[in-house]
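The same chain A turns up in both complexes below, where it pairs with chain B and then with chain C.
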Partner chain A sequence: MTATTLMNPEPSSAPQALEAPEPANLLTVEGLRVSFPGEEGMVDAVRGVDFSVDAGEIVAVVGESGSGKTVSALSLLGLLPKQAKVEMDRGIIAGEDLTKARESALRAIRGRKVGVIFQDPLSSLNPVQRVGHQIAEAVTVQNGLRRSQARDRAVELLEQVGIPDPERRYRAYPHEFSGGMRQRAMIAMALVSEPSLLIADEPTTALDVTVQAQILDLIRRLQQELNMGVLLITHDLGVVAGTADRVVVMRRGEVVERGSTADILERPREQYTKDLLAAVPRLDEESHQTIRESDGGEILKVSDLRVDFGKVRRFRPEKSNLISAVNGVDLELGKSRTLGLVGESGCGKTTLGRAIIQLTRPTDGQVEIGGASLSGLSDKALRPLRTEFQIVFQDPQASLNPRFTVERILAEPLDMHDLVPGGPAEKRARIVELLELVGLGREHLKRRPHELSGGQRQRIGIARALAVEPELIVLDEAVSALDVSVQAEVLLLLQRLQEELGVAYLFIAHDLAVVRQISDEVAVMYLGRIVETGPVDKVYRAPSHPYTAALLSAVPVLSTERRRERIVLKGDPPSPGNIPPGCPFQNRCWLREKLGNPEICTTTRPDLTPAIDDMARSSACHFSGDVTASLPPESVPTADSSGATS
Partner chain B sequence: MASFIFKRVLATVAVLFFASVIAFLLLRISPGDPARQVLGPQASAQAVEKLRDQMGVNDPLPKQYVDYMGDILQGDLGISWRTRIPVKDELTTRIPATLELGLYAIALSIILAIPLGVLAAGSRRWIDRSSRVFAVVGLGTPPFWLGLVLILVFFTWLAIAPPPFGRLSEGYLPPPHVTGLYTVDALLAGQINTFFNALAHLALPAITLGLPLAAYLSRIMRRSTADVFRLDFIRTARAKGASERRVMFRHAMPNAMLPVLTLSALYFGELLAGSLLVEAVFGWPGVGGYVSESVLAQDYAPVQGAILLGALTYCLLNLGADLLYGVVDPRIRTSKS
Partner chain C sequence: MTDHRERSRWNPKEMWRAIDRAGMKGVTIAIIIFIAVAFLGPLVWTDSPTQVNLEDAVKAPSLAHPFGTDEYGRDVLARFLGGAKLSLIVGVCSVLAAALIGMVIGSIIGLVGGFTDGVIGRMLDGILAFPALIMGMALALAIGPGALAAGLAVAITGIPWYARVVRSEVLSLREREFIDAERALGASRRHIIIRHLIPAVTGGVAVQASLGVAYAVLAIAALGFIGLGVQPPTPEWGAMITEGRTYLTSGQWWMSIIPGFGILALVTISILFGEALRDHLDPHGKLHF
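Up next, the complex of A and B:
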């Protein structure tokens, strides 16, 4: 604490905190305007925004992409590209007047009084420098310490942000860290001179939900220890709910609404805020799928599917790098139904989706689509069958050819499979029909992908998949890259299309709330295996695998009670190259700890077995019956308090 | 790592085999008669035929190839029909000469290109403009012409450069042979005067050879520096409060240099090939002159030997560049181990 006061030149903050209850103001901005040069003159990204942060409080700036939230925050420190024009009527950070500050003055503020962490910790770290050196560099820059001292301070900081074995990790390179550890290292770097203000720009957006929970906990802990103010930039209202004291809602470069977190989330005044809240998929809301009888029969049957990467070296086994990305998966999906496939990054869900439609060839196992076995078919034999199954990818920008017009993108599958008899007029008619099916129209025919919004691009991706009238569409994180309001529209579209066309979806996603909303059944994947599967509402209400419970518990929900007890998983998912014998989940399992570390978990690998009382559900846990009963109260937002399965 | 090098050595052997076949066939396909070249137009047909038998060029091609490979595997590159000097002896002095010239040229071009590219990527427009002019001129100028102009200016007019002939001025003896690179050998032997004389002789040809490459690499460096500057970790460095200079030299440059290093290694081979004309202009006793004279004289052995050694050099350089890349970029290091 002494270090903080020593490094804070303005005398006001520390003594005041002792006498007056009034917290020190750290950041005040009024009339902030930022513009960038565009094709036709300057484009305003931020137009007259005010906000402030006091010591010891977390202020969240929320908004969808293009709202100017990140630009606002970075402009204060001069971290925008040089072409940006930044103006403000009044701007004070930790006692420094920003309106008069030149680049050198801004640099003196950066790192010393204000620490910054960014969205993507991998690209935000220098790839060719050791992590420790990058932190030590910040120490040197800020405190002018000698090398060995800087090193000691960096190790201390790594320890403080919860990186195990910091002495050894000091020498690691960024690519040797997991995503969560990288963000911890970024936080360590930002804390070097114990700044009074921390700007966190989407700090958990690139992270898995269990890791997100850890990082948010860490930010809150450090904020209290160091009595920092935090300016939290995020698009995720769930993150806001559990973290922030006050909220500023932004849209198109302007502040729409501001207030305490409770006011904004529970009593929003502006229509935009209401719409935004309504669009957020709710974890505790029943599936939107209409209960309907499956018209019988399976469209997809997967049995014992395996996908291996790397190879086994028979003569030098220590050099083997065989990884089973998908390790013995069984799945069934009924006609015109939706199966949600969830799991953290690296669990193999994308590989499984690609292996099912034979974009990646499985190493072993059977895939049947519409009764036809795809295993062992040549590429040529598969081609006519591909009209049965299609895929929609995560990034609609990257998965559409930028040089093609919408018409050509949609004509391609029609031509390849010779689906439209007749001339160009008939083909044009079919393309327009497809566009209208996904809520677009004739006016989009001649556009190219960059002339469309993100939501429109994904609609084109869906239309392209629908062109061949498939029975099954694999949706691989198809709504993850979209803003919540657009995401809600696309989800509705998908549901409408399913009702009209009877297509079945394999819906791969990391967002559990979205999965609940759209799915009939859900399968939870961990390290290449399915660990739990069953009807989505039942699984969410009473999870029967400790991993499912932990995932559900980690999801931030739109509730303002800040200290909901959570199951925060330790560590990161282990690498699929290094799976312990026995249960793959054992070293992160909270239930095993609670049950006094039973031996069976470390010796016997649990198979996916149907529950005794409900044949529709399966779980790969030796103690599946104990999961729901062992949950800390309120730790899983969806859990049925009235009583779960015994 | 060991297996990586082992694979590369195997690949090198394969490359050398194909190079030997091509070198062997090309010469024998080309028209003309080596025996006639040796004996001159006045010699009788009988004498020519006799010499052809002695040379072995009357044998069927497969037998010739086997004989030739057998010699090579015993380390015998043959004898020049033209000069009567064993090819191996000639190459052991000529290869270091060419290599030394090439190394200085490439070092010069990297030393020029990196700061020039970095500065051109910076905010001052006039530097970028001047560096672009330099690039256009540098790439558009034929090296031999540049060489002639340099000789005219620095030797004829200003008289500060040594005469454009050989690697050392008259009165200097080559330093004791260790590497064959005179500047290195002179330093090893402590002959400072010889070192500076060798350096002076290297200066103009190295500039001639290195300048166009410097022009090219500076544009690559500019581009890659500008690309790196857009990356997130540059913003992180600024957010730490690092000065612009620190951002540039600690964070941007090491990353931006990667493509320049790869390209310069790839272009080193080109450089050696391009040294032929420059060697002619500066009377440099390198491989280039030797090969061109031998080709014209249908002198098989020197050409074959030079092609083989050229291929070997090229392979080794690429291996070196790959290894160097691993040193600079830790991501590659781990993926290989």
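Up next, the complex of A and C:
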């Protein structure tokens, strides 16, 4: 892990730059101002921002949405829409003066001297062209090589960014690639002209934690090998911590604070930076969730639940496309408690949540909510029962009808179940009561969703779910689309509501730190199955499934002091349509490798079985007892390993 | 609901400002003028459109007859005004009927999907194979030629167009989470269609409908032209063109050209209105022009 060492300078050690000869400056901007035409005159998105990147360093620009971080970067490359007005006092990118550059010059700079990676690799790749051809085409344009040479160069690039079997993958289409592979291909394309500067705009935001760790490792490695400068734009301070040398914190179009990564993370000067750091849910601190004893009684009981998509063709089995999104899940959740459901994208956690509240009908198995079995009930018979269980979705924008006012949105559930006897005055009073419950007020009644902020919209989503006074709410990634500071507020709101109303939560998320903060118990899901469950603190402190351990290890930690050896999982999860016999995790399992590839892993599927010493915990691993002992030291960032007492 | 009432309260000043903001001032004025001509015109120009006066047959435009007279001596201006009213009423009503029925069918098959979608979808494709003109000829034979047959033909052949637009809109809407949220709250399918889907697709349908009026006017005129539309002596633009056709070559242009101009005006206005509405509702599309 030399890369990590170099990229995380100890606060005490001399900075790398002093020993090396004066590094070349790649990017300098001073007084950058960007404005867009709005309803009433120009709106300033960026108001006088300076930053610079030298060769061989990674500079991160951090900020919440609306801080102007992405706009700043795009403006340097001339990638903003025409209406945008860009001004700067000084701007030098790879030796070219931006203040004098015309569009054609900017294009040349963009292609030859600066590589760019965007957040969403799928929309940046041409879906009807083979990945390799797209890269080879870029090579031809850039370097004027002949076809066969361009092809060889493209294969070489694919290999360089860690795509296995590059000769074969050259011929694949973008949709045949996983998210991580696509991002690797995008990086390969950015490297075509051997740029001295790489601009990465939220390169890992759309990726799972284990894949994010791989991509960040790759960016760091390439930056070392090619001695590039990297401008990393991100909202995630965790990503910054393990990657960047210097950090620029932005807010509302202005730079709030700048400094070395260690300084910003450990000795922030500005209140805003402090608040931002405090809002990030952390794995390496004690959770504030008070441990409540279950008052007996279960609100949710799921047994052997299955959800299949696609169909089996009996006469043409090769055409069968049956996928078990949820493959035999058992869960229990006590009244007014929270169960966190964690897993990477595609593991079936959202489908499980939807199947529990019968938005997607399960193929098989039982769901009992509040003692009533929901299996086999018709849509009509379910309707009155739906007051018992509700859902809050990930994207508050999409989950509210954009044409409705807040009042109408909240009136819908009340009308549907005739919950408010009396006239419009009583109804309005109840709606205001609901708004106040989620920290909003009467003044929001007449607003429409687009007039609210993301956090306010999600509060409306929560209020709508609460309107029917449910016993259980499924929170499907309910805070993951929000900025960290807003996310922290909404999490506090959820905890308060649970205390006041005694509602139980099934909290579905990919972010382990958030889950830890809010949950009593946690269930880890992999390829449609639960691989580990137990009380949240115990599972996080000493995971008993190698997948849980890897997930925990991949979470970036907000500190540069502790360098830890990470378990970086290889590859991506296999497709749920093609699960290997034996343990589904076998091909990515680090523990199996460590134990010398025992045969049982490939032959026998491990069931979720309670631990011998602790009946509250279960794990689906043949070697669950060996997990904690086999962990590389400090690889799991828990409160324990950071030295804090629990 | 209160909110809805507040918004639709009659406030001409506010409405005019909204129309101005949408960049639809010109086309709105044109529509108002056309409607005024069609409905108020006959009150001002009180000559009968059907009064035969053979002594005055085929007279060139004059003060007594600004648009001249036809082969039976009927006043062409009076017939033009009558034709305007008829085209407007039959065109708009048939399109409205097609749009409403198409919207309901489209929402249902979009939401239900599966087998229902397949069967009704194929039936709609079948109707789509009939041009309005052929359908109009068939209906004219079945129920007798007239305004009803012409209007029905336009309405029936229009339904699949609206149903298809709405169906594809609903297919994308039903994947939106707010529809899932409604289902989770216990909303019935009917509730989702009436309260959420139909209002959401109305804009797109309105655009298509105003363009549809143009096609409806053309189809009705074409039926009239071949004699299977509205029957004489009722004034109808298509039939007027046929009647005047034989005189065109001998210099008596007004009998055909005047109703032809009426058709052109009404078609142009409805297309301009439809396009202005589309640009207003879909401002991003505008950037591509």
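Criterion: the second predicted complex is superposed on the first by the 615 of 646 C-alpha atoms of A that agree within 3 Å, B and C clash if a C-alpha of one lies under 4 Å from a C-alpha of the other, contacts with A are read in each partner's own complex, and residues count from 1 in each chain.
Simple rule for what comes next: a residue touches a chain if its C-beta (ideal position, glycine included) is under 8 Å from a C-beta of that chain, and two chains touch if they have at least 3 such contacts.
Predicted, not measured: the structure shown is a model, and the values here were computed from it.
Student: Examine A:Ala372 and indicate which partner it touches, taking first as chain B and second as chain C; both and neither are also allowed.
Tutor: Neither chain B nor chain C is touched by A:Ala372.
Student: Determine, under the contact definition given at the top, whether A:Met186 touches first (chain B), second (chain C), both, or neither.
Tutor: Only chain B; A:Met186 stays clear of chain C.
Student: A:His175 in the overlay: touching chain B, chain C, both, or neither? Say first, second, both or neither.
Tutor: In the superposition, A:His175 contacts chain B only.
Student: Is A:Val312 touching anything from chain B or chain C once the two structures are fitted on A? First, second, both or neither.
Tutor: neither
Student: When the two structures are overlaid on chain A, which partner does A:Arg112 contact: first (chain B), second (chain C), both, or neither?
Tutor: The first partner, chain B, only.
Student: Under the contact definition given at the top, report the residues of chain A touching chain B in one complex and chain C in the other.
Tutor: Residues common to the chain A contacts of chain C and of chain B do not exist here, since the sets are disjoint.
Student: Would you pull the chain B residues touching chain A in the complex into a rising list?
Tutor: Those in contact with chain A are residues 123, 230-233, 235-243, 246, 250-251, 254-255, 328-331, 334.
Student: Which residues of chain C touch chain A in their complex?
Tutor: 1-3, 176-178, 180-188, 191, 195-196, 199-200
Student: Would you pull the chain A residues touching chain B in the complex into a rising list?
Tutor: Going by the criterion above, the answer is residues 74, 77-79, 81-82, 107-112, 115-116, 118, 120, 123-130, 134, 137-138, 141-142, 173, 175-176, 186, 189-190, 192.
Student: Can you tell me which positions in chain A touch chain C when the two form their complex?
Tutor: Within the complex, chain A touches chain C at residues 354, 357, 359, 380, 382-384, 386-387, 390-391, 393-395, 398-401, 403, 405, 407-408, 412-413, 416-417, 424, 446, 461, 464, 468.
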